[in-house]
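What follows is a set of structures for review.
Here chain A shows up in two complexes: once beside chain B, once beside chain C.
Here is the complex of A and B:
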């Protein structure tokens, strides 16, 4: 491959002799091309001839000589991109990375780089920590060459600076170009989950779990996404599959415990969550979920103990406050319940359960106005949850589960 | 009114639509083949450009398109199980599942599993309520399930969605006939006739009415067809069958006139020849019947019937030799078709009985009484299996038999790849299979190159299931399985690859190691015995020695190890193994000697420092232990046992802070490491972090419930956080565990 077109500057451009040399090169006869070019250069120096000579030498594996010719061509035609790209490529092959980096930066200023060079420069800039410079090359690769690899990297960079929109846009484009590829689908699902769009995540995860049924993480993420839209049986199914496929991970067990709590299967949830705490004893999520399961089983002392431990580790944990609030309600300590539930609502304003319990607490305290307000907020939150569940069901056919 | 013929859908006149055409495919087979070729080309291009995601995606597109083509080709060859498997597979290879699911539903309906088809189609329709083709197929599946009302409801909704869709309108009319709503059906047919005001439409309508025994309406429609075009095909034929089905023998003459009229227009029409021939036989006009039946036997869709009546005619004309020949052929065909037929069993038995009976008569006529007796008995048995009288009217006799497979049935063969020759379909099967193998193989290679060996092996297995002889496939599958640690699965493909290439020493070694890892030591020893490389490669020699020991050839093994030490006095790893063996037997002096020798030979050899550290710890030499373990971790920072042992040594050396850091990092990597969890809890407790210690010690107790020390520490931790009852329970458990181990007091 000759790469970028030979240097355009110089008096020799387009001369029959140069065209003939180029044809020799393209037909794989570099030694003959070299001889012709040297004759030409003996008559008159020129950037295009030097550049072609560099290519002829490069084809013969004489990289150092090629480098010298490219460098001379670049001197003769300082505004021509091609000799610099060729020089950059030769320097890479000679493993003179630092010089290659400088040369390719110069070349990139003159025009878009060839695919291999843009990729090399992007990787070098990334390694050097210059993310903006890397991004320029990645965008060029994505736009000029339809590079999915570049789009994936752009998405990673966007996610790193917490720009989920940009990450999703890059991944959507990647999926247009490679709709069946695992990596963009998985990345899309993860970013969609992070940006609070579990429905979009499910759209990517259901095909992923069909195409790659042995990958535990896809099932785990599908379980989490289904849980987020309130599709608890589907979540449980996916999470159990994840656990079958891989050695248990604490996060998977916590998710399964939450899915079981969501279906009021508290005894089983307690077992699962206790196992998760063996793996990660300091997990606030696991402690709070365990407290929820125990509260559901009316093991109030245990539940209080675990909720308190969760709050000792994270004072603003919504689920732990909710559990404590419910326990206090159960104990008839309505003011304390209200305070806990206010904390729960403050931490998670969309939680239907917290609003519902708070409306009850206010009612018991005789504050009917606030009770009604939270009842209304409960209805709104519930409607929103049902809307999302309906969306998932519609997209997946009759249920949220794929084939 | 009831439906007298199978609920076949004569769609051909309206234009069939299924896989390969718009219903399931939205791509004609040729177009699908083009997509397949393009996908494979783009995949190769993606690979060359380093765009692995594009390559992967295109290979998966290829799997989808090839699977759809394979399914269509297999189905059209009548291989429904293979088609089903191919279509099922398409739902697991790409994001798109719709076409595969629709095609699969079609096969399920054909296989009589329409309930499953309904479930499958509900997924498609639920996700895309406007998917016309899916909903129409759903209506068909519902109809096949005898859920007629639901089917008609679906078709009626579709008719509103697309009033101009004539196929749907026709299906709706049939649905109304099944519901016994002839007026509604008549309205549908009227719309159909208005939309396509040609004679053929009325022929179709007439035939449909005939199928539902609405003979008056059938006559009316067929006569309308003839009024529009007196030469229209099949109008007279259907009128003839209407006369037969309606009134039987009473209208035989009238029926014959219609068949004759049809034959005046289309003299070679096999069905009209068959019906006319059989009618002539019934009327004992055998001489006239013969040419019609001969033509029907040669070209017709039901040659067994034609041969049976032809045999009768020959017998009546005193031509027993010819009768014998055609009846034998007829019997052969009838038995073959009975073995695979799905139509009413009675009709098949009656035909067999009659053929046996006629054959018996022919044999008797030729003087073969014994042969005749056999045939009479066979006729009696077939007749007994039939629940109906063999003396049935002519029209009923042919009931349940195919009439015009090419045009009037919905069999998969007629609707998939219409117009393709048998050879072309077989070629398509091969093309699709080759594409599948190529795509699976290349996807597997991509996975193994990224060191995802287990998943790569699975895809190699998919390729091997299609073509186990594909070049390099068994080798690749074996290597991928081996690298994935799936030694059991590796042995078969590696054995096969080695059989193909017995001179491949590397392959032989890999197979030997696979056998070694599956405890098949004798096989491993056998393969390694003649390996010359063993003399130069101590690891192989070691493996050979191990295989000998484990396969009961200890004496030979001893010699091997002696030779190993003699021939490889500088082999550090060997000394480490020997050191560990002696340490296990508490022979610390010998162990230390071997380990120091190993380190002299290779200061970076794995596990030598760690084993020394362990020995020093057991001897209470904490400073030396710490130094040794740190030395191990400098060379091998991931060694979990060394990390834990160093933490234990640090704790004993009163360096709790560093031990905590070490343990937290270790537990991030190995959350189920009970000893490490316990040690972390113990140190935290000692450092005053009792709340945090409780969590870790509870976890440790759950991971190792019979470990008394953990219970003791947990009891201490509960005491510290004021949970006295819990503490008491843990101390009690501690005492029980100690007692059970015959040891009186605390740690």
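Here is the complex of A and C:
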């Protein structure tokens, strides 16, 4: 495409001689076209003739000569986009990227670039860190050429600036153009998860895992999405599939551990989370989840050790504080339990579990007023969590949990 | 009455009571429990719609052990339910009273007893409500509940309306207790969902009518609940509904199912626990002035340890640690866990995982449950019977949840606060896949070993005859209270052997909508005698028997005031 672009605007466009030269070019006779154009130019200089001459030279592989003709055409017609695009393309072929970038920026200001040039410019702008300029080209590619790749890049840019809505919009458009394409589906799911829309993610990932059943990451994402809608058995199933398909990843193991904890299958969770920690010994999430599993299995000393390690890495980790609080409750050390649980609710104010345990701690300490207060906060948090969960489960067609 | 003589027979009758037939357990070949329902002559079957398109069709029914003819042998009453399709035909569901003939043979006496057609039956509980020495039968229903007064001649008369007991709507659990300690029995009835048979929610339509993406019956979430009822016995065959003034009416209209009267704070006044489906449980502390205070949350028995409102069905009460305190065990929905709330230091602690009772229960939907010493070792074990509510479960794989039909759970007490689930060791009768609901535990053949009776959907009931090969000694204590409280409901029995003291509570309304044998069973291990038996009667007076021989049915009568 680089050497075959149409001439476009030029001062002599439309004259019979130019038309004849263009026909020669289009019929693959660049040398004859060159001769005709040189005759024309000898009679009168003009941007269109020089632009076409550049194309004729370009077709013959005489890039440096072509570049000079395009440059002269651009001088003669400063508001014409075509010579600049042609000049840019020649510079790219000559690997004079810096000049090509300047030229195409100028060309882009005059009108939309051809698809290949827009893609090149977008990539160059991305590489140079000018995201806004890149986005203009990507949007042009998306709108004028229906480029799925450009839409995905737009989504990535939007995600990078935390505009999840724009990212999702771009990916939705990409999926309209290519409904079953793997990359946009996967990207859509990731962005949906990141933007707190697990239902949308599930809708993308369920067909994706059917169409590409051997891709571990798709199953991993599906597991995470299902966990977010409280569908722990389904999450477990997907995460186990991900682990079957690929060598174990720490994040997948942590997710599986959390899904198992969510189902109170603490013994299995402990095994999985211990393996995760071997792969990533510094994972706060894994440490806290392991502590939770061990507390559930009544391995209280180990649970305490891991919760303490988690808190050493992240002093505000809600799950680790909650585990320690429950351990202290079991030990009858209610004041210490209260202190841990206060940290837990400070770290995660909408946690029904933490408020409930704190309510119990206060009751055992005889502070019924605070017990009642945290019971009320527990109730509010529970109602809100249930409401949210019911909403997303309904959207996902999962129905209510339990009876 | 037949009293068998022979070398294995031990018979002790205290204070001139009629003599029950007593047989010493003999070693038996085969599994420790065997289902003898068919050979015992039990032909009862629940009237059941196989698809269970409506929640109304999934929740029944209870089963009661009572001695309706005072012959010393527990008889069995199975509650039957209608279906939406048969709702207009009360005779489509025949409940059944089986008279115990001894030797594990039963005969259906439902018609002559007049208890065959209570309507859309749900649950049952037993008490000698009028204090005439004959046990009466209460049946909860969808519609108007029935109180069958025992005439003492093998027949019953229905007196609920006449006595002022108007419990309508969908009643579930029931139980009698003398909450105001005025010497007669009052009645509590839990209620479940408010239903209108003319506009039932459509199967599979709506947010609360799907489960993991499949169409199922609707509810209870998404359906309106209904409050509970307390009928105060005013004497002379008159009851007054006082739930609101007593503070037990459940203003939040939660989905009430299993109930348990118990003396939670050991002050001699009955407290009340109500298990709510998908809602917080309620524990009403008796204020000794005719009112109750709800204390489930601060005491730690309202929800699961992580604050989850579980699908609570049945409730068992027992002193499994032999420390004199009654703990609670609540059966729940699948992927939740059966919750064991240990009573200690004035509170309940959810020890479900610490006690190892939770993990085996996760796949199952639990219903009937009971603390029982099945092997007579002196420590209370636990049983739970299971079965899903959605037959549609069978068509899809649903994570950790078991299929529609489910096995039972039996937890053996390890005597250290933990349990081991050993149903698989007890024979196929325990592991058979069933859809169980009601459960009543009692000694059907007076051999000192506790048997189990279940009421199942989509199948025959089970009578699990306990045939432990080498059980420990035992004592079965039948209490006879004075005045109008002949069942001694609410009495606490303490049996001491050496350093060990076992404690039992006489209850009306047990497990899931059922009634277990009111005689209190004690396993004694190797002991041949017990050092003492102490009874604290509902009125606070006590009776103590010392140096009592093991292996007998012992009747203890309260001294007349």
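Just so it is clear, the second predicted complex is superposed on the first by the 344 of 403 C-alpha atoms of A that agree within 3 Å, B and C clash if a C-alpha of one lies under 4 Å from a C-alpha of the other, contacts with A are read in each partner's own complex, and residues count from 1 in each chain.
In this section, contacts are C-beta pairs under 8 Å (C-beta built on N, C-alpha and C of every residue); 3 or more make two chains touch, one makes a residue touch a chain.
These numbers were taken from a predicted model, which means no experiment stands behind them.
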Inquiry  = Once chain A of both complexes is superposed, is A:233 in touch with chain B (first), chain C (second), both, or neither?
reply    = second
Message = I'd like to know which partner A:264 touches here: chain B for first, chain C for second, both or neither.
response = second
Ask   = Between chain B (first) and chain C (second), which, if any, makes contact with A:319: first, second, both or neither?
value = neither
Query = So, A:298: does it touch chain B (first), chain C (second), both, or neither?
reply = second
Task = In the overlay, answer first, second, both or neither for which of chain B and chain C A:179 touches.
result = first
Request  = Could you tell me if A:356 is touching chain B, chain C, both of them or neither one (first, second, both, neither)?
outcome  = second
Task = Return the residues of chain A at which the contacts from chain B and from chain C coincide.
result = 393-394, 397-398, 403
Task = Enumerate the contact residues on chain C facing chain A in the complex.
result = 55, 207-213, 216, 219-222, 277-278, 297-300, 303, 305-307, 309-311, 333, 335-337, 345, 347, 349, 353-354, 358-359, 362, 389, 398-401
Task = In the complex, go through chain A and note every residue touching chain C.
result = 231-234, 236-237, 263-267, 296-298, 326, 329-330, 332, 352-353, 355-357, 359-360, 363-364, 368, 371-372, 375, 378, 382, 390, 393-394, 397-400, 402-403
Message = Help me check something: in the complex, which residues belonging to chain A touch chain B?
response = 115, 119, 145-149, 152, 174, 177-185, 207, 210-215, 247, 250, 274-275, 277-282, 309, 312, 393-398, 403
Remark   = chain B contacts chain A in the complex at 49-54, 56-58, 60-61, 64, 91-95, 97, 101, 120, 122-127, 454-455, 458, 671-672, 677, 691-692, 695-696, 698-699, 702-703
